[in-house]
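Everything on this sheet refers to the single structure shown next.
Chain nomenclature is as follows: A, B, C and D, assigned in order of appearance, with residue numbering initiated at 1 for each chain independently.
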Amino acid sequence: MTTEIIEFNKPKLKSPIFIEGLPGVGNIGRIAAGYLIEELGAKKFAELHSSYFMPLVLLHPSSLVHVLKNEFYYWKAKKKNQRDLIILIGDSQSINPEGHYEIVENILKYIKKFDVKMMFTLAGLSVTEPKHKVPYVLGTTNSVKLVKKYKKYGIDFKISSHVGTISGAAGLLLGRGMYHKIDGICLLGESIGFPMIADPKSSEEILKVLIKILNLNVKTKKLDKKIREMEEFIQKIQNIEKQTIPQTISQQPSKISDEKERLTYIG
Amino acid sequence: MTTEIIEFNKPKLKSPIFIEGLPGVGNIGRIAAGYLIEELGAKKFAELHSSYFMPLVLLHPSSLVHVLKNEFYYWKAKKKNQRDLIILIGDSQSINPEGHYEIVENILKYIKKFDVKMMFTLAGLSVTEPKHKVPYVLGTTNSVKLVKKYKKYGIDFKISSHVGTISGAAGLLLGRGMYHKIDGICLLGESIGFPMIADPKSSEEILKVLIKILNLNVKTKKLDKKIREMEEFIQKIQNIEKQTIPQTISQQPSKISDEKERLTYIG
Amino acid sequence: MTTEIIEFNKPKLKSPIFIEGLPGVGNIGRIAAGYLIEELGAKKFAELHSSYFMPLVLLHPSSLVHVLKNEFYYWKAKKKNQRDLIILIGDSQSINPEGHYEIVENILKYIKKFDVKMMFTLAGLSVTEPKHKVPYVLGTTNSVKLVKKYKKYGIDFKISSHVGTISGAAGLLLGRGMYHKIDGICLLGESIGFPMIADPKSSEEILKVLIKILNLNVKTKKLDKKIREMEEFIQKIQNIEKQTIPQTISQQPSKISDEKERLTYIG
Amino acid sequence: MTTEIIEFNKPKLKSPIFIEGLPGVGNIGRIAAGYLIEELGAKKFAELHSSYFMPLVLLHPSSLVHVLKNEFYYWKAKKKNQRDLIILIGDSQSINPEGHYEIVENILKYIKKFDVKMMFTLAGLSVTEPKHKVPYVLGTTNSVKLVKKYKKYGIDFKISSHVGTISGAAGLLLGRGMYHKIDGICLLGESIGFPMIADPKSSEEILKVLIKILNLNVKTKKLDKKIREMEEFIQKIQNIEKQTIPQTISQQPSKISDEKERLTYIG
């Protein structure tokens, strides 16, 4: 079957902003996007299944099976200064390299149908030493004009001195998105903990930036409680993944040893 | 060729129940389904071959080669309180993760043509210590209304306190089946032995539950003898699989360390 | 590209016999088929290339590159008691499991166009101790009626007491061939040496059987000389394969520890 | 998505010569082709993306993401004795064996549309001891008549005594190219250093040969400076590749132990 998007209904949206929060470092993006869905009361309208997810089902306490999936939610703007949203969360990313490209391509083609022109992908950046009192929000983009527009929101776009690459969906959505004419920013929350442990503070910082950009009426005070609820489920999937697929490509961005390392690209 | 279903003839069946018994933990499902075919005199009508099986043939004593396959059998109801059946057994499951999804998808699309609306997948659950005198039958489902309907048959639906995931066809058929509008229950026989050794008692308990649900006229007394005959063949394939494909994803459900571990899923 | 058959010309053949001799244990089949092509003066008419071969080219002393391939040759019967032949030799088999199925399927579909109804696949069987003075020729088939017809040629069809499986093209061509209505026999030359070292004596015994069956006017006395010439080339490819693809699935048939092990298959 | 060629514009070219310089041993080909693009002022007109590249984006100092790609440049002949050129450079080759075939096939089909009839692929050959004062340029071809035509340019076509195979695009483009009726020569620069370290001297020797053959007005004196600029970027990608994909098939040609080893190929 490779990859399939199952659409339950087709919401009418006005050039929505797309937000991606799939599992990754510290589950920072996953938690932030999941909390946004909860607080906004966003509605699920589609699912993505893929042969590139682990071939298993999870079991809910209700005795229901749960096949691994990514889920599309929508939310309609309530005020003039807001925008319709499509938010993608999920249980898993591809367990093999090729799958990442295929899944990202399916997502991009699907959101194009809703006339998406701008996206935010959410990720974490694992650092060994805390550099700031509050976790820092870094940003990278596929359209250089966005740097100017968005740095006022407290996003540090000097990311290339901290990290050399972004793996998986958060990076590829931007990298391939520009060829689909979708502008995008990847917001990375600096995280001091182990890559596999949720970092609520970092998620909160990303959320605050996103809420400000999107003029959303969302408070982050319930985040801690919600994180504990979500965390168990997400952690379980990652443990299974680690046990069953040891060779999975790391979704941790590769670090740069020399901060001054330049990245000049010559034809 | 990826995956192909070869149909020898197309039986006329009245919304049959689908039963799956492919190799897995203790071969509990495989043995139960194989015995049912024997005792009912079910007829083979189709085979599934796949590039995701091992690229080899087995040799029968007759000198005939045997390509790895899954096999579809049918049985027509004899009494009013019975239902037509399609039973799937086989030599192998996919040897790589993607293959599981593809094979399951092919099976679901094929049985849809026969108007299948309900299925039972049969599997084993390996436990380290016996918790009951007779092996216990656990159940999980893709439709919560089935819990109420079927728990009277002695199926323990509190499975999520014992196991976190079900791998391979038994789980994916349910997980993906709901998107094809096929309700299903996975019956798991508790097994104390090694996952790779057949567990006749556990198969018998699953069979008893299935016979009761389906009002079948089948006695389980010949099971021991039949198991010995089947076991050799099935074991041989698994040994080859272990030798040749060491990295095959485990088809053993992942266990839960903490029985109280909750699985709350938040958007 | 996956797998492609490049046809240089389409010979008119009268329901030819198909002979396969791809690399494997002791290169017994490869050498026998290669010698037959040489001695008969068979003509190449098609090549098979595949993404499942190693992604490299070999270098000939002429400085020409050589892409890995399988090659189809034909030979037209000269006498009434002979049959037209299609002979397949090659540099390589698939380096991953799925590829075997795809390549075999492409071969079967291609030879069906020439109305092939019978095939001989040639392979080696590695044994630790010599059981006979001359290397023994074993046989397995996909059509039980062939056992009776061909055992008079000195083929031992009691193969299942020596070996449990046949991997790769020699086995799968038979196993899948029966679903394409092509009868077949796999001739296996018993070989005492290391699986990776050519076994001229074993190739010779297979050749003798084949020559008798097909009423060919071929002497085996030049075999030794030819083997030395072929061997270098074939060995080189296998060395590269071993260096670059360590995890390649073994093409050695799995041995049976207990000679009396029965293989009863029950539905 | 597998492999996709994105065409920004379709230049009108007169049966151009195709030059390939993708990453490989000492990045000799990549550096030579990149320098040529710079010095000629060649224009980019297409990109190739592939699921077989690593699923990540690189980060530029400008904060822009960079998806892994191969890039097609063209240059139009200025003088009568020159030819239009298509030059391919890139960040990466396939990270799995099948991908090499698919990418090469896509490249060949694409350049056929421009009526390419001749190509030069550029690669490195790692040697343990320097055999000559200046790095030597070796050559191999897919058309034996080219040996005579091009050996006057100082290309040593006795390559098969040094190396047994050429892996990846440089080899496969020639090997598969002959089936697309594109003649080709692979120029290999002898390199004494580690395969992973750029070898400017070797790139320069290849460039000199290429400039002479193509009658180009290019001086190699700025090469050292340019190499330092390019090297960082290329090296970074290779480091990531090494870290994340340890099992990647080696793109180093396999060496021949015995210089006299013959490579006679017998049907």
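The rule is simple: a residue touches a chain if its C-beta (ideal position, glycine included) is under 8 Å from a C-beta of that chain, and two chains touch if they have at least 3 such contacts.
Since the model is a prediction, treat every value here as computed from it, not as a measurement.
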| item | value |
| --- | --- |
| Copy-to-copy rotation for subunit C and subunit D - C-alpha atoms, rounded to a multiple of 5° | 90 |
| Self-contact between copies subunit A and subunit B, residue sets same or different by half | different |
| Chain centre separation (subunit B, subunit C; CA means) in Å | 37 |
| Chain centre separation (subunit B, subunit D; CA means) in Å | 52 |
| Where subunit A touches two or more other chains, by residue | 247 |
| Touching residues (chain side subunit A, partner subunit D) in the complex | 94, 97-102, 105, 139-144, 147, 157-161, 163-168, 171-172, 174-176, 178-179, 186, 247, 249-250, 254, 261-267 |
| Of subunit C, residues touching subunit D in the complex | 1-2, 6, 34, 37-38, 42, 44, 49-67, 71, 73, 89, 95-96, 226, 229-230, 232-233, 236, 239-240, 243-245, 247 |
